[in-house]
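Pasting a structure here, questions to come.
Chain IDs A, B, C and D follow the sequence of writing; residue 1 opens each chain.
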Amino acid sequence: MTAPLRRRALGELVGTAALVAVVVGSGIQATELTDDVALQLLANSLATVFGLGVLITLLGPLSGAHFNPAVTLAAWWTGRRGEDGPDLRDVAAYVAAQVAGGVSGTILANAMFGEPLARLSTHDRSAGHLWLGEVVATAGLVLLALGLARTGQQRLGPLVVASYIGAAYWFTSSTSFANPAVTIARSFSDSFAGIAPASVPPFVASQFLGAAVGVFLLAALFGRLPAPKDRARVSTGEHELTATGR
Amino acid sequence: MTAPLRRRALGELVGTAALVAVVVGSGIQATELTDDVALQLLANSLATVFGLGVLITLLGPLSGAHFNPAVTLAAWWTGRRGEDGPDLRDVAAYVAAQVAGGVSGTILANAMFGEPLARLSTHDRSAGHLWLGEVVATAGLVLLALGLARTGQQRLGPLVVASYIGAAYWFTSSTSFANPAVTIARSFSDSFAGIAPASVPPFVASQFLGAAVGVFLLAALFGRLPAPKDRARVSTGEHELTATGR
Amino acid sequence: MTAPLRRRALGELVGTAALVAVVVGSGIQATELTDDVALQLLANSLATVFGLGVLITLLGPLSGAHFNPAVTLAAWWTGRRGEDGPDLRDVAAYVAAQVAGGVSGTILANAMFGEPLARLSTHDRSAGHLWLGEVVATAGLVLLALGLARTGQQRLGPLVVASYIGAAYWFTSSTSFANPAVTIARSFSDSFAGIAPASVPPFVASQFLGAAVGVFLLAALFGRLPAPKDRARVSTGEHELTATGR
Amino acid sequence: MTAPLRRRALGELVGTAALVAVVVGSGIQATELTDDVALQLLANSLATVFGLGVLITLLGPLSGAHFNPAVTLAAWWTGRRGEDGPDLRDVAAYVAAQVAGGVSGTILANAMFGEPLARLSTHDRSAGHLWLGEVVATAGLVLLALGLARTGQQRLGPLVVASYIGAAYWFTSSTSFANPAVTIARSFSDSFAGIAPASVPPFVASQFLGAAVGVFLLAALFGRLPAPKDRARVSTGEHELTATGR
């Protein structure tokens, strides 16, 4: 009983909005309460771990809980020769919902904290080592999302994907945006979690490059994909999505 | 083997008392130990995550572990046309137990820290953006509690509901009271977690509004409710409650 | 295939030693690294949550992972009329092992940090509100340990008992010793986690009083104990212990 | 369907690289953001808990997720008389992959933070009480990894091993390197997580001594090993590895 695309896209929109509201909102809260930047990032990262795990649990059965164009594209790419995985119509609807949801989430967070609803960030994040951070962060995320499916552990997605982001906030220099929709959304908040619009394009490019690296690592570690029929479904949510004949 | 209402209401009383003792007590402890408000909120939120998860695990099988009039009312509303869900007699007993338990929890926390047993809070929390925070926090909580049941994931309630609160402490401007009984109870402690009595009514109104938003989002995302007989039971605790013919 | 008492007692000794080493060691580490007492307690409490969960997982199948005379006595009391639960010979061996293990743990922690192997604590913890904290902390622990068994959720013991202690560190004024063996052991370290010998007897008395309160709450919430044969086994470890005919 | 040794060794290389990147990278991030050393260690330890749990989940089914020569050797030693466990050819390939992976991880972390790709650490860590810390940390890790298998709880490996490291960061004076490959790798970063090359040999010797202590404790607690055929497989990953006839 797969939900219709309209409803699945709504799931991606609501989920991405909530994810961005958590990231941006907790960043504002933290900077209002302390001057210690490590403590700000600790609060920001723990709130994201908690929130992301909840969102994947709740919405995974509905839409797959991608909340991320890089994951949606990787799921399409690795599933494109079989009956599994999203088709291009799904991809278009998902990506549009993710971007619209992300921006809505920024607006909601700004509103909750009495900030202007949308204001372009002045937080410059342009540097080669930050782009490398995004490549690494997104490669890891995509490898993990696809790898959980390959090892039959999709049900651990909420816990493991959230934990991954919790680590990636800290071990990557860029604090792991790892998500083009969220990156665009965060350019509309001039706060702790913001990113200046000029810094967005290379971040997004790095993220897509990272997704490709993740797909490559998946094949290097776990071998060629089995025949489409036998293949496990993409984790972090392809759950219901892939069971459908669209 | 559902417990009689008297015993289930006792579960709600003890559980809400313990929840409030955790929230208020850890707030007092934190403010005694540091001046960094972010660190205070971090300790307060992590203690609540740990404590709430424990309480839902222990008391969910007994009473459903609502600890929250907004959740109890939402469970009644969504289950009112079927045999599932609490009836109005349950609702009355639960809400009374939650409020009495909450106030008892404040008194216990104050006693443990050598404070006056009850003293009205002077912590003003009146502002439009805080009320929006409460609407969002409660909408998310109700959507989650009902959504776990709709997706057959009630057993994850302790982990997921506790995680949600851990995120909501940070991403909402109001630090997510999201609970009318707990809000009333917190007005009796003049400490970190307190709320001035004059700030209580709009908080509670925002919470009930948020609960309605949560019920609406549930239908928008997961569709109309199935026929009563087939319906999954409300999470975060309707477990035993709904299996009974009272 | 229950282990012989000798080996189960060794499990209690090693487990209690490790638990105390975690509590005392992380306390020393934290005070060496920061002057912020809330941060010290945060590190101390999180290390204990992680360590206790690990120890219950590893040693629960062997000894029941009590590590605590109050829990052992409560298990004996509630199981004394049936074939389940420890008998008095078990209790004597367990308590002796717990106290000996606890003191060994303090010595190990002191050695790891280059401190004198044993030095009586000067940390006075004598006050009525602290004793109330111990009553509450131990009542909650015993209610939880026995309640998990009553609700058939023993397998969640490692996660839930560890989480409980994580909350209790913060919401009780005494930071939740809640364990007579650990209390005695902590009197031998003059550090963050220490307790002056003169403060030990009222703490231990409060803990046993709390255990009685926990047993009372268990009956009030979950009703009379079912007949011995049908009864679920005590959580946090009675697992193998109670299956045996000693 | 066990993977060929080449691919399993690649899993160890990638996993150890990622683990070291997390440890070193989060250490650099933390020191860039705050001067409070306890907060630095808190961020460092939580990032490691999250990252290690993820890596064991993803790569356990492939290689066993040792990422650690001490664990690989202990698995070989305890399994050497049966058909289970790695043989010496596996051990050689694993250890080489772990060391190469570890150093790669340091280089990657340095690159992500715009540091020189490799620079010898000046962080002296030579003292008897630190060596005792390493003995204790590694004994506990090996006891845990082998003990989970002996008690049939291998599936809990990701959660429990990661939690153990989270505790060991704090309760051991050495912050628990507990891993010869990671120790060598960390000598190539002059940052928070670094270790001066002169301090490496006694750390590694202490770790192997600790592994022996862990194997001894395993036998003392859980008794002689059952006959090879009946034996449970080593946790933290022997999963697929031991099922194979190489």
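Basically, contacts are C-beta pairs under 8 Å (C-beta built on N, C-alpha and C of every residue); 3 or more make two chains touch, one makes a residue touch a chain.
The model shown is predicted, which means the values in this text are computed figures rather than measured ones.
> Touching both subunit C and subunit D: give me those chains, sorted by label.
Expected: no chain.
> By mean C-alpha position, what chain is farthest away from subunit C?
The chain lying farthest from subunit C is A.
> Would you kindly tell me how far, in whole Å, the mean C-alpha position of subunit C lies from that of subunit A?
A distance of 41 Å separates the two centres.
> Between subunit A and subunit B, tell me the centre distance in angstrom, where each centre is the average of that chain's C-alpha atoms.
From the centre of subunit A to the centre of subunit B is 29 Å.
> Where does subunit B touch two or more other chains at once, residue-wise?
Within subunit B, the residues that touch at least two other chains are 36, 39, 42, 46.
> Where on subunit C does subunit D make contact in their complex?
Against subunit D, subunit C makes touches at 3, 7, 10-11, 14, 18, 21-26, 29-30, 33-34, 36, 39-40, 42-44, 46-48, 50-51, 53-54, 57-59, 61-62, 108-109, 111-114, 158.
> Going by the contact rule set out above, which residues of subunit D touch subunit C in the complex?
Interface residues on subunit D, with respect to subunit C: 36-39, 41-42, 46, 49, 127-129, 132-133, 136, 140, 143-144, 147-148, 151-153, 156, 160, 163-164, 166-167, 169-173, 175, 217, 220-223.
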